[in-house]
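Data block below; observations after.
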Amino acid sequence: MVYIKEFRLTTGRDSLQKITAEINETVKESKITNGTVIVETAHSTAGILKVTSFGEEVLEDIVKEMRRIVPARINYIHQDSPENAAGHIKSSLFGSSLSLIVKDGRLLCEGKQEICFADYDGPRERTYSVCVMGE
Amino acid sequence: MAYMETIKLHTDYQGMHDVTGEVQDVVKKSGIEEGICVINCNHTTAGIIITSFWDKRGHVDFQEELDKLIPMRYDYLHDFDTPTDAAGHIKSAICGTGMTLIVHEGKAMLGSSQGVLFCEFDGPRDRKFFVKVIAD
Amino acid sequence: MDRKNYDNSLLRQSLRLEEYVNIVYRNVLPQVNKIPVKEIWDAQKIFITGCGDSWLAGIAAKPAFESITKKETYAIRAIEFSRILNNKNLGYSPNTPLVILISFSGTASRVIEGAKRAVEHGANTIAITANPDSPLAKTCHHCIDVGLPKDGEYQPGLITYNASMLTLFMIALRIGRVRNSITPLEYESMHKELLDYTSRCQKEVEGYAERAFEIAQKWKDLKAEDFIGDYADFATAYFGSAKVIECFGGYTTYDDSEDWCHINYFLLEPEKIGRVVTVNKTTPSFGRVLETIDAVKILKSPCMIVTDANKSEFPEDMEVFTVPSAKYFWMHPFMQHIPFDLVAGYIGELKGVKSFRQDDPKYNTDICNNRLKSGTEIKII
Amino acid sequence: MNHNDYNSPLLEQIRNSVKDINTIAENETFELFEKCVPEEVALKAGNIFITGCGDSYCAAIAAKPVFENADTSTKTGMVPGTPTQAFRNIEFSRYFNTYAGWNPLILGRNLLCVISISGSPARVNEAAIRINEHGGTSVAFTCNPEGKLAQNCKYVIPMTLPSYDLAPNVTSYYSSMFSLMMFGFYISRVKKQLSEQQAVACREGLLEYVNSYDEKVMERLSVQAFELAKKWEEDGVDNMDFVGDGPDYATAFFGSAKMVEAFGGLTTNDDSEDWCHINFFIKDSDHIGTFIIANEDSPAFSRELETVKVAASIRKHVAVISDADPSIFPENVEVFSIPKARSVWMHPLMEHIPMDFVAGYIGCWRGRAPFRKNEEPYCEDNDAKRFRNSKIEII
């Protein structure tokens, strides 16, 4: 069985928004108890990340560190805005989809782990999809 | 005894300009045989370094490596001018804007591969630097 | 009198404005997106220049540049740019300032002169033109071809004015996007609103034409038209005055709301002078303009007001054209020139005068015809 | 009747202008500026803004080059001064940096010169308060050191004007311009862009230019203006068009304002390039009087000369104010020859005189009171309503 649901959200600048609740909700709705979940976004300057969140500061560290690794330089060959050019790279490096396991009707996700929607060129209106497969 | 000269040059964008000849000329003109030679520029987005002057491609590498360390990102806190300028300030601070050489037997002492290079971290611009030769 | 018998170029152009705005938009978008990121960041100041209507487009777009790019922007007369402006302003840092030069023919000597001067002193230059092979386009570092169809009707300038303004807005948006001074969300919404606002205004044009025709009948024998507008609205004021001169050669004058109270208030026979005021409820000098309108009322001058504010803000006997509000304040000059353009177009027809004095051989001599191009020497200062 | 038989407060001001500027200059020495604006304030001025209403705005345009180019003794080899902008009053008060925002790094280095003889219009006070609130420095140029503007400004340059009966004001225009120019020399001197001697030479050069309008020159200009005015009146000239570039645009703007004030004449103004694009097409070309300012030293001179030729080919009544050889202009153009100046920026101080005379004579013939004070609907109280009591809003 396959169950797919699409979500919309408005992001901020450099935002990591938690979407764990939405995914759990979808799993519940799907009535699938054992299988996999795929979370994916089709945007080229956004991503889906799994992070261990001990608080908002950790999220801030992640954003800052990503900016350090992929700085918003003005001399990328891709001549959209620096934020956009860097965003493409961050999206490729850090991934724009995630697979998770559903067992006994629940996501296998440690207590502090959160699924986040990352926008590297926000604020914008964004979408992502959750697909639950199994039985 | 001391002798000073101002040397002017027109730089390219991120240009590396070999100024060894100009510096040696000043030393020669000064007539000083033994002493020191101080080189300095008063710009904040340029630097003066010593490196091998043989292969110009090495100079491109120098700028590229520096650019990796200090990328021209737009989100420096110092955003008064441009990203090139903000990064340039840091590059200039790290490279230094001048140096002191030893003058011996009427020449600035440099190794056979060493050259004095004026590094432009912005550009093109009209630049200048100062050379002062001081006798012992 | 049947309005249909007084068809004119300005009316025809304004009826097709949306169509042309869309053409220019589609042509310009890929071109502005090619302006290099580094050059955009290098631009510490922005100068916009051109002659006549093109200069006015610069004044009209200045608030857009200021609020979107957050950079110092100057709309400067062509002769001031090429001959008077202090050299210190040009090329003091790489690719600075960014100079945008507008000429549809690309052959106006003064604009070419400005471009040459800017290039020589190390500034960065973008030409806005309808002729990518022109001397102006070849002189500048970058050229944006507005892509207007060759067979269109463009005189007296109306579509060209909007095309200049639209291109300027789009350059501002590109700069704002690259510099991150507007959010991607705002960027998209502003782009969309450019076309939506045009479309909303286009629907009103027939109605404006009806009223403009009535006003034209009342105003055709007035002694002069006097225009009042502040900052960006000063462009609308000046543009209206230029249309009067181009359509029927009438007498005009213009000023801002403050200085008008010091000078033009004293013009004789005020009842024979039509006053045209442009003001919006969001402009910082709205209150001042209302005070000025009170002074106009004392003089009993015929007065028309173009605004997005409610009619009730103004004295009852004045002709108020309430035009749609744009979502972003800087877009207003894009459409607010239309009501008076139509009045000027109809007065020209009612007087039976040809535009640009084509019917007078005196204006058709070599010296007159060459006055903008071969008749004027290019000097680089 | 002879031109000298006509008299009015306006004509009196014009005829006395050389004498009056010399009197003003006696009062306005470098010591005065030093006393009024301390050196450290002048030293700190990184950006200069000048504003005022009507004539004062014209004076600002005219004085701008003096601030921008410290070494004003030569034509082009200019020593950089301080970046300077002249603003329409409403634009400075309500719009300047409203959208782009004020640059926090240079806030304290902004210096605003506000000009108002009476110090009472709301808008000039608004400008002063605005710059104060943004951490800048305000300097008032006013004849009323107790007035509102003086109170609202951090520093005051007190100006003294000879008094005349109510008339379109010429005295106030050249005196504000002279004070501004002196202030420009003073700032450049403090910043060491000009040496002590150079600053003094600038001032002396300026006065030398003023004094070159000796009795003979003034008489000649007066007669010529009288004849021109008579001819234009006879030919039914009912619109005037004024053309000037850069600092000379101030003269064009000022000339057009004087015609309005003196007799309510319809006027317009533009620069020499845009004139060819727009005003060229005004239809009733036999009834427009055109004034074009074309000084030989102006960087725009070649364009001005071309524009004179185009105008002369379509219009009957073209007058040129120029220090160039009159024979280079077309024959049907009336050339007001003015004295040569040591540098081009000096001209605006005096070159408006021929226009003022024209305004003065036509004003006498038309018999209209200045500013229509005795006429409905232009009644006296309106000044208060129109600009003195206008609401002050700080943006």
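Letters A, B, C and D mark the chains in the order given here, with residues in each chain numbered from 1 onward.
Going forward, a residue touches a chain if its C-beta (ideal position, glycine included) is under 8 Å from a C-beta of that chain, and two chains touch if they have at least 3 such contacts.
Please read all numbers here as calculations on a predicted model, not as lab measurements.
> Applying the touch definition from the top, give me the chains sitting in contact with each of chain A and chain B.
A chain counts here if it touches both chain A and chain B, which gives C.
> Among the chains, which one keeps its Cα centre farthest from the Cα centre of chain A?
That would be chain D.
> Taking each chain's centre as its mean C-alpha position, how far apart are chain B and chain C in Å?
It comes to 49 Å between the two C-alpha centres.
> Report the inter-chain centroid distance for chain A and chain D in whole angstrom, where each centroid is the mean of the CA atoms.
65
> Report the inter-centroid distance (CA atoms only) between chain C and chain D in whole Å.
Their C-alpha centroids are separated by 27 Å.
> What are the residue numbers in chain B that touch two or more other chains?
Correct list: 72, 74, 83-84.
> Residue numbers in chain A touching 2 or more other chains?
Expected reply: 74-75, 82.
> In chain C, what residues contact two or more other chains?
Answer for chain C, listing residues that touch two or more other chains: 38, 41, 179-180.
> Touching pairs of chains, which are they?
Taking the chains two at a time, the touching pairs are A-B, A-C, B-C, C-D.
> Enumerate the contact residues on chain A facing chain B in the complex.
Against chain B, chain A makes touches at 67, 71-75, 82.
> Which residues, counting only chain D, touch chain C once they are in their complex?
Contact set of chain D toward chain C: 53-54, 57, 68-69, 76, 78, 80, 83, 88-91, 93-95, 98-101, 121, 123, 238-239, 245-246, 257, 260-261, 263-268, 271-274, 276-285, 298-300, 302-303, 306-307, 309-310, 313-314, 368, 371-372, 377-378, 382, 385-387, 390-391, 393, 395.
> Chain A touches which residues of chain C in the complex?
Touching chain A: residues 33-34, 36-38, 41, 177-180, 183-185, 188 of chain C.
> Using the touch definition up top, name the residues of chain A that touch chain C in the complex.
10, 13, 74-76, 79-85, 121-125
> Using the touch definition from the top, list the residues of chain C that touch chain B in their complex.
Going by the criterion above, the answer is residues 38, 41-42, 44, 93-94, 122, 179-180.
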